[in-house]
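Chain IDs A, B and C follow the sequence of writing; residue 1 opens each chain.
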Amino acid sequence: MTDLASPTVRVSTRPAETRRDIGIKRRYAAERRFRVYGISAITLGLLFLALLLSTVVSNGYTAFLQTTITLPIEFSEKVIDPKNERSTDAKQLMTANYPLLVRDALVKQLGLDATKRPQVKQATDMVSASARTQLRDMVVADPSIIGKTVPVTLLAEANIDSAFKGQIDLSVAETNRKVKDQQVAWMNQLADAGVLKKSFNTGIFSFGASSRPEAAGVGVALIGSLYMMLIVLVLSLPIGVAASIYLEEFAPKNRLTDLIEVNINNLAAVPSIVYGLLGLAVFINFAGMPRSAALVGGFVLTLMTLPTIIIATRAALKAVPPSIRSAALGLGASKMQTIFHHVLPLAMPGILTGTIIGLAHALGETAPLLLIGMVAFVVDFPGSPLEPSTALPVQIYMWANEAERAFVERTSGAIIILLIFLVFMNLGAILLRRRFERRW
Amino acid sequence: MLSEAGRFFSMVSPVEFFFGTVWDPRFAAAGSGDASGQFGLLPLLGGTLYIAFVAMLFAVPIGLFAAIYMAEYASPRLRSTAKPLLEVLAGIPTIVYGFFALVTVGPFLRDISTQLNGLLTGNYQNFIQAQSVLTAGIVMGIMLIPFVSSLSDDIITQVPRALRDGSLGLGATRSETVKKVILPAALPGIVGALLLTASRAVGETMIVVLAAGVAARMQLTPFEPMTTVTVKIVHQLTGDLEFTSPQTLVAFALGITLFVITLCLNIYALYIVRKYREQYE
Amino acid sequence: MSEAAVEKALDQKMNTVPLKMIGKDVSVYYGEKRALFDVNLNIRENTVTALIGPSGCGKSTFLRTLNRMNDTIENCRVTGRITLDEDDIYDPSIDVVELRARVGMVFQKPNPFPKSIYENVSYGPRIHGLARSKADFDEVVETSLQKAGLWNEVKDRLQEPGTGLSGGQQQRLCIARAVAVSPEVILMDEPCSALDPIATAKVEELIHELRANFTIVIVTHSMQQAARVSQRTAMFHLGNLVEENDTDKMFTNPDDQRTQDYIMGRFG
């Protein structure tokens, strides 16, 4: 201030001995290297994420399209019920030679000579063998259809489906691939006629297990997973919340509760497969529950999810400030009233977030379900949690073990469905947290 | 579970189980009660630890550096995008990783080893198999990255700011501060975090079921298949079961072994982490 | 001599001391919030300058601008000009690491690293490469601990963790750690606020001795401490520098009404 104006003021000069070499250049090079390591690590992690997701999506998005062939099927009485026994013998409609209807329609459509057996066989191979059940179900549902000609949309066989989606390399020698040149020619002919086309694949959501990729879907698995999630929710939320309230609000702080706390933390880190063994030993072997049932799966996943929910709930309860408790108690509320009227509602968002995250984990869990027999080939929809069923991740596991190209596509498709569910559950959890985020 | 394992040990001596070096349980159906198969744990345990080791080798540097960068360097903006994205990796079900190993990583390693071998020796023969310790290890490593990074991130951010300031105030660069002050201070906590991660690697099932193979053998090369405790539990218990044969019951003995190993790791790790937290509270 | 003449002579004497650091129009912003308003303050060489004022007045903020510790705080922006000798320390050509090696810092709470006493003191010389051989390190550790008045207390347990010392010893260890780098200026941010009166007295005595070799800037909330250890005092209030003066004058006959009020305990 005034000093600066004064003529006697001196500014110090830098003492020579302070000009020392402290290795700035070398040290900054090390600094830059270190940063590069850090950035590469993060980039690498994100790269793996991108690679993982892009593998799944690029393999799987085509699973949501399915090649179909729409043919005018003549439900000829001669073929279905030549002796007119359907009124007396119910089996007649079940066992009729439906593939013949498809063959006839296809021969007509392509203008083939019906007597050339190998050629006709090649043509009918283009249509999924699931056409038999499809036509059968139509006739059984409505026998009056017999004698009429109705356009029916049939699934194309898996290899034709792959070829039409451009997934089969046609430059490979004909003998080395499953789709023959003649079939490709017909495929193009049918496509030009507008008979063969790609459309949205509703089947992947509704079909059950099948050894034919084009007729396989995650329908049964979705129902199985749904049952299990309901069981987990219904069991683990009340039990988890009750246990947490007891531990957090009522239990005396002593060695025993300390031990329980340590145990709960440890249980959350036990490998999931051990829960599967436990389920097998206790529920199936000891209690005699049915194998492959969603009920047992639900129980096992409940055991697995409980520690997560208890930890989240206790954290949520802890976060409610003591002042709220004191205020309620000070007004003469009982301890029960305080907890259920004041503490629990405030902790609810945290509890629900934890529960959703626990459920999302349970939904993606595979290993324990393998052990309790959910690796099952289930075609029919389970009517109750006691019937055999399978689960979405288990279905993925089973498909992943199939060699065919078309199953790789289905597997990826099923993974996409699973991931979409998980994304929605996690988004729900995040929104819940945002919506109710509270600063005390 | 204990009683099932007990029934197993009444048929096969524990010594044979824990110290046997051959795993050859034969078929469960072939004469039940006939304990002629050999149930040596060691090849399975060896495979389990080997794969877990490869996975940690892969995940620890990436996860740790990512955690350090996010805790010490990243702007809040980068942190708030990169951290949740990395955590997405932890939310992906392990079966998806298994599929990724089976469809992408395994064939990729096999093909690249073919090319490499061809370039070096002219012999286009793959030396890495599609199902191998390496495949399973790498994919499991990817799965573990977010565990290492978010656990370490928590630990590193708990190191008091005063220590950082103290070092920076003396003229240390950021990386010197991290390497010489923060990491040593956070070391116990990080070791705990790594042990927790290791326990997860040991208990992991779906990735190894799809990527590691089923051959129970002891070997040093990571390029060939090996199998793990978890794989064998799944194998012994899928298909038709007979709860009287040692072939089935051995799964419970394996399960108990796995449980004990992971439990010890967890208890020790949680103890270390708890100690660490108390130190800075 | 008349009292006024004595004062004038003293002033003259003080004014001949060279200025080690000059702050001109220094303002600091945390995001949108302005924490310092055009502060002009000079730090004299081999002098203890005390920064006083009520809490939140900006004294610690100003202290941290002197070795750019503010750089580590997100959103913090400094304007104006601060020089060390003739160099502008915010000039892009000045390296912050080198600056901090010349302007060391001791913090409010003792913050020894969780390492041995020896490693704590040798940390600075090690990172800056100021010592090479074991003998060099031994020497710098001994002299630094001696300068910090801690040598006799710890010479037999140099390998024990620094965190095991008492609070006062820890703070003197931190001073030794700063001294070991042989900086020109040492900044102290309320170094005694976490210490008991006996430890405080020791640290104050130490500050007195360090003055011979270092320029010291100390932030303190205790006016008695400022009066005891410093030769110059600067009073901050609400982000403004209210008054800067010789400590004796400041505590007996301050120029500014607010200083007087603060010293009389009207606010704070």
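The rule we apply is simple: a residue touches a chain if its C-beta (ideal position, glycine included) is under 8 Å from a C-beta of that chain, and two chains touch if they have at least 3 such contacts.
Keep in mind that what you see is a predicted model, and the values were worked out from it rather than measured.
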| item | value |
| --- | --- |
| Chain contact graph, described as a line, ring, star, complete graph or other shape | complete |
| Pair of chains ranked first by number of touching C-beta pairs | A-B |
| Chain separated most widely from chain A, comparing mean CA positions | C |
| Core chain by centroid distance, with centroids computed from Cα atoms only | B |
| Euclidean distance of C-alpha centroids - chain A vs chain B, Å | 23 |
| Chain B and chain C: spacing of chain centres that average the CA atoms, whole Å | 51 |
| Inter-centroid spacing, chain C versus chain A (mean Cα positions, whole Å) | 62 |
| Overlap residues in chain B, where contacts from two or more other chains coincide | 171, 173, 176 |
| Sites on chain C at which at least two other chains make contact | 97-98, 101, 127-128 |
| Numbers and ranges of chain A residues touching at least 2 other chains | 22, 27-28 |
| Contact footprint of chain C on chain A as seen in their complex | 1, 3-4, 6, 8-15, 18, 20-24, 27-28 |
| Touching residues (chain side chain B, partner chain A) in the complex | 1, 3-4, 61-66, 68-70, 73, 82, 85-86, 88-89, 91-100, 102-104, 142, 145-146, 149, 171, 173-176, 178-179, 196, 199-200, 202-206, 209-210, 230, 233-234, 237-238, 241, 243, 251-252, 255, 258-259, 262-263, 266-267, 270 |
| Chain C to chain A touching residues, read off their complex | 12, 15-16, 18-20, 22, 40, 42, 45, 83-87, 95, 97-98, 101-102, 127-130, 184, 244 |
| Residues of chain A defined as touching chain B within the complex | 22, 27-28, 30-31, 33-35, 37-42, 44-46, 48-49, 51-52, 55-56, 59, 262, 265-266, 269-274, 277-278, 280-282, 285, 360, 363-367, 370-371, 373, 375, 393, 396-397, 400-401, 408, 411-412, 415, 418-419, 422, 426 |
| Interface residues, chain B side, partner chain C - complex | 76, 160, 162-173, 176, 180-181, 184-185 |
